[in-house]
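Following this line, the structures themselves.
What follows is a pair of complexes built around chain A, which joins chain B in one and chain C in the other.
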Partner chain A sequence: MRNYIFRRLLLLPLTVLLLSIFVFGLIRLVPGSVIDARLSAGFPGTADADDRAKLEAHFGLDKPVHEQYLTWIGQIFTGDFGASWLTKEEILDNFGRRMPVTVELLLLTLIIYIPLGIGTGVWSAIRQNRADDYGIRLVTILFLAIPNFWLATLVIVIPLVLWGYAPPVPYVQLWEDPGTNLVQMIVPAAIAALAGAAVLGRVARSEMLEVLRQDYVRTAYAKGLNEHVVVLRHSLRNAMIPLITLIGLVFANGVAGAVIVEQIFAIPGMGRYLVQALLTNDLPVVQVWMLIFGTSFILINLLVDLSYGLFDPRIRFQ
Partner chain B sequence: MRNPEPNQEQLVFDVYGMVEQPPRMVRARRLLRQHPLGAFGLLIVLFVIFIAAFGPLIAGDAERISPNILYNPGSEYLFGTDRLGRDYLARVVAGARLSMSLAIGAMAIGVGVALVLGMVSAYAKGAIDLFLQRIIDMLLAFPGLVLLLLLSQVIGRNWQSVALGMGLIFAVSMVRIVRASTLATLAESYVEAAQLIGASPYRILWRHVLPNMGPPLLIYVTALLGGAILFEGALSFLGLGVPPPDPSWGRMLTEARTLWNYPHLSIFPGIAMTIAVLGFNLVGDSIRDIFDPRMRGA
Partner chain C sequence: MSDRNYWKRMSRNRLSRRGLLRASARAGVGATGLALVGCGDDDDDQQGAAQVAQTQQDQAERQAEQQQAQTDTAAEQQEQQAAAAQAAAASGPKQGGIVRIVMSDGGIFDPAIAIHGGTYAGVHQIYDWINYLDEGFVITGGMADLPEVVDELNFIYTIKPNVYWHDKPPLDGRQFTAEDAVFGLERFGFDNPEFVFKDRFSLVEKFEAADQFTMTVQAREVFSPILTAIAEDNMLMVSRDAVDAFGDEALSTDFDAQIGTGAMMGVSREPEVELNLARHPNYYREGLPYFDGYRGIGLGDDAVRIAAFVNGQTDFLNYQWFGRPVDLDTAIAELGEDAVTGVPNPVTYGMATHIHCEVEPYTDPRVRNAVHLATDREQLIALSLGELVIGGPIAVAIAPYGRSEDELRQLPGYRSGELRQEDLAKSRQLLDASGVDLNGFPPLDIWAPDASDYGQVLQQNLGEVGIEIGINELTTNDALAARQNREFSMIMLGQQGASDPDLLYNDLHTTGGQNYGNFSNPEFDAMVERGRSVFDVEERKAIYDEAQDRLLNEWNPRLYWSWSTVIVAFRSYLQGFRPTPGPTASNAILWGMWFDDTPTGAQS
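The block that comes next holds the complex of A and B.
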């Protein structure tokens, strides 16, 4: 186990290095740069060659690619994330403003997502093949098929058409007016959570069914323990171990959901920042965004892999 | 195809292998009866494929602009019209064709790339394997949608590049399956025998490894086809997918958002999308049950 941890930690910088090269290299392949957008209002080819050369020199695009990469990565290490090519705003400032918004959204999503997923999954498993199990499975399958961006649109449109109700705009920060902020955030969070909860629920159900078939569960019932104790203390705890694998997935799903709902509900978070940067070819922003989130995805997956030993002693002593 | 609950009669067939199997049609009917939800899903999928293939012939031209803008659904236009007076039924039907071609195209690319990378990675072993797997690890860490957004930036925004982008995303998630399956087959003694009589690596991969890939990949492919429809929708919804005038369900939903007092504009593409994804998911679930009885009913 110690060897395994050591090897994984050793590979970590290598993976992050690969990530930075991947993100940087891929972005360089983008056809039609922001230079076109700045010089000719999006009509490529109409820009003056002289102006173009000047701007390219200004952004350092005239140097060889490996030099550009080294400059960029060096600046990242000194905490200089660069500035947007389009708005000239510091990327770090934007991150500082937007990250708390997305973190709040993610936390709200998780608060809805995890209990809903595990709750319905466990309930479905202990009531296997009865009416409520079929009902839950049907709703789950349906929510896996409904596109979250459509659901979000309906949630905005239906109250608007029926009662002329619209959620308060523009976005209010949590510390300015918590009430309004929560009203604005709870619906997007719920929508981002639903499809994920359906995935989690299905896995929770099958894990739970597996555990409920074990001998020790039958023994627990035979001892006359009441159902609560058997389900919560003996079964759920063991069913939880495989569910830990899903934490990485939960986080990744949450971010993907945030990208969509932030766009629809006009929440000024990280997801919206990315989409806007992509739409305007604002490469430095995309680059740093991918680096930061990519690194956090990798770190979370690493922690998940390492935590198996913590929860399952059989793995620890291998 | 292994039966999830073999009855006595079938067991005899399987054990001796000399007795003739019941005709294909009988076996297929039996399978469908055992998986009613999968059969229902298959019905939906066939319906969507039929609509995609022949619908545009019946529903008419999806591009034709008319002065009858923003009609509500009625006898003249069954699904109403959009802001350019285009028949919305024709647009939704044409959207089915686009979605299905994209999903199937992406899947073909994904399976192809995954097969090549996975088999090469497993066969080559050593440094190449380690390097390829690190890259896959890194890519797997990203949510599919975010990776797709990044790719869409690089390879452009038309339907071919959306298919390519989705195909690459799917390849990332399938490479490991292919690699694991290849490693398992390569350990078989018949592969060793083939190597001893001097079969080339190409022949071994093609004749011995590839035929074993069917079941594990099939489970993934059907599950991902529904995902492909959702991915394309999300991408187009964000304005980063298929450009106008191609009738993508996702973009129709974006356009409908500004015209919120015409709810039919957002209802029909959304329902179409949900039905198509539901069909693929149901079929995918049943296929997984058939090949992997451990997960039955999950």
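The block that comes next holds the complex of A and C.
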């Protein structure tokens, strides 16, 4: 197992390097640039080729792309993640401020997502073809179909119209006022969790149905074991492998969800930072954001792979 | 039950003109209150005012009066008067309270960069202007009186002796001098690639401090918009001391480096979350500001913004570009007409369609004119739900040069009903005469999704005269790039505004910086060159009237159809609001406002 982890970690720098090339190149394929945006902003300025050249030099865009890449990646490897073109703030400083916000959102999302997804899936499976199974399946399909940005708008508008309630603003840090912070964060987290929980619930149901039909489950029931022991200890554990993979993917879904809910609910996290950077062509921020997110995703996938062994002792890492 | 039905109300409520007038009256009364207590605009400034500015002001007022007379019905006037009388009975200005405003924090503070309009909501409280543009784009005294016009090339500004910087190092509350004014203005032209207003004063030979409180401005050539340029909303004064102490970069992004002469001083900022400002005790407008402080609240989605306002967490529904009539309707539906005040704020940006005059088939003016005549402005504007008004080459807000909707509706291309059928027939004749292949038009580029609907309407309009045109949807970045690089044939995009009709020079003169469609016409060039060399408003108006006529009837280098309208909405317990015009709607003059009835949460 140690060798396996070592080999996977050894592949990490190479993967990150490929990712960095991909990110760097992809961002530059997007038409439009910070130069065009800046030159358009100065009305009634009369920007000319000289202004363009100066701005390009200012942002280092006057050099060949490969040279820009090498400069950037070289700085990354020396720990210099650069600064935002827009605000000049060091990107890592900004991440340091925003990361806890998004991590909190993701944790809250997970806290809602996992029990809700697995719980509804398991319950639906053991109550197959009964009214509650149909009800759960209907609701999960509903949440799969509803876009979360629309759900978020409804969640704001309906309480306002019915009870005059609106979420408290502005955003408050967890350590400043935990109560207000939780009130602000729980709804966005729930919205980010719902669609993912619906998927998890449906997968959990089908996995559980398959396991529940196994001979050893029938034997467990025949032995007179309590249903919760049969379901939770013997069945669920065996259904967990695909679910763990799916839960690992929630990180990606969660970050994607965070991009939307942070923007809607004005939560100053990583997702909002990305949106702003994209809207303002703040390439250094977008590049570093994608790189850090990609690296985190790779590491989480590694953890997910390693966790298989916990649920199925037959799995050995070679 | 129906009153509790949100969706029904949403569909029923449209911008209520009567409600708006009533609200405008409340704001007007607020301004009257300011004048009565002698704290509004500086009366002293008017003494010895420059002839140029005074003439502009008179003209603007006359124009505004004419427009008002044309549009108001007797019943509406009565209602307005009644509302004004009612509001006048309310108490006068009061000191105290912290105003809570929706903030869009771009994180850039330097007025010379300020590419993020949202930043102005805070910056406009910290910094101040030499002169500024008040309602009707009238140049008004700020830290200096209105300039004395020596001749057409030389102007003298007298700085008020009671203007002080905020009491923070390195300025430590020292007096604002002519040297500061010179530096503040010259800095916009410094050779910093990020400074976006470098050419604003390209025709200024020099700014000079004659003595401690006298600044002279010498133009290189006659340039009539010069006084407006100095008073535009971006022209906020930063100090040499702060630049020397902190550097350009910190001045751009470090909130603690923001030291101005404005009504409010910076206290704290949490990026995108909160911005706190406190009253400047030595503000030169004595007794002002009335508010003890300012709290900018970072909000995201429209739904959260509206919910926070309705729920009483903010005092302003919007301040900058969020001023959509539909939002005001929603707030009124929830809170009632008396609880919310909405005031139109003049802005000079809008949507336009740029035509590339060097790309076939638009090289032929007849084709451009045919497109102009075929366009149904009423249909386009209807899509905006009140966000846009029908517009011509110069925004109606720039009085007396801009043309009102009513004036434009009499012109070919803007007409409806039977007259539109005549325009369509003329359009077909022009297309026939030009011999253009109606199926060979290059696609119309559209800024998506903002202009998607408008693009489809235009496509349909052109179809009415037989033009088959495809649509090419572009993202904001793509659209900006296409426009900037002149890589389009016809593109539907926003058009930026200005505070002076000289915008036509920048837009369409052969050498104009924003002449994206490469329009070049010696007659037009001569007109706008003359326009910027004439100070007399009547004469200027005649020049720009002719230019607009010929642009619309002959040359059609752009398809003009709209300008924006911004409704600033706030709780009615706020008084003294004064609409402040600008190209970006990012102006935010709050020093004359006060709480008539300080709400919970807004107390100091």
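The rule is simple: the second predicted complex is superposed on the first by the 290 of 318 C-alpha atoms of A that agree within 3 Å, B and C clash if a C-alpha of one lies under 4 Å from a C-alpha of the other, contacts with A are read in each partner's own complex, and residues count from 1 in each chain.
Note that contacts are C-beta pairs under 8 Å (C-beta built on N, C-alpha and C of every residue); 3 or more make two chains touch, one makes a residue touch a chain.
What you see is a predicted model, and the numbers here were worked out from it, not measured in a lab.
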Mind checking chain B and chain C on superposed chain A, clash or fit? clash
Give one of first, second, both or neither to describe whether A:A131 is in contact with chain B, with chain C, with both, or with none. neither
If we overlay the two complexes on their shared chain A, which of chain B and chain C does A:A222 touch? Say first, second, both or neither. neither
Please indicate which partner A:L10 is in contact with in the superposed arrangement: first for chain B, second for chain C, both, or neither. neither
Applying the touch criterion given at the start, work out whether A:T87 contacts chain B, chain C, both or neither, answering first, second, both or neither. second
For A:F293 in the superposed arrangement: first (chain B), second (chain C), both or neither? first
Taking the superposition on A as described, I'd like to know which of chain B and chain C A:V169 touches: first, second, both or neither. second
Does the superposition put A:Q263 against chain B (first), chain C (second), both, or neither? both
Contact-wise, after the overlay, does A:V157 reach chain B, chain C, both or neither (first, second, both, neither)? both
Just to be sure I read the superposition right, which of the two partners does A:R272 touch: chain B = first, chain C = second, or both, or neither? second
Select, from 75-83, 381-389 or 561-569, the region of chain C that bumps into chain B once both structures are placed on the shared chain. 381-389
Determine where on chain A the residues touched by chain B overlap those touched by chain C, and list them. 30-31, 153, 156-157, 160-161, 263-264, 279, 281
Would you mind writing out the residues of chain A in touch with chain C in their complex? 30-33, 36-48, 51, 54-55, 57-58, 86-89, 97, 152-153, 156-157, 160-161, 164-171, 262-268, 272, 279-281
Counting only contacts in the complex, chain A reaches chain B at residues 11, 14-15, 18-19, 22-23, 26-27, 29-31, 128, 141-142, 144-150, 153-154, 156-158, 160-161, 202-203, 205-206, 209, 248, 252-253, 255-256, 259-260, 263-264, 274-275, 278-279, 281, 286, 290, 293-294, 297-298, 301
Touching residues on chain B, where the partner in the complex is chain A: 134-135, 137-146, 149-154, 156, 226, 230, 233-234, 237-240, 250, 253, 256-257, 260-261, 263, 266, 269-270, 273-275, 277-278, 281-282, 285, 295, 297-298
Complex contacts: residues of chain C adjacent to chain A: 4, 6, 106-108, 115-116, 193-194, 196-200, 202, 249, 252-253, 270-274, 297-301, 303-304, 306-308, 310-311, 313-314, 334, 475-481, 483-485, 496-498, 502-503, 505-506, 511-514, 583
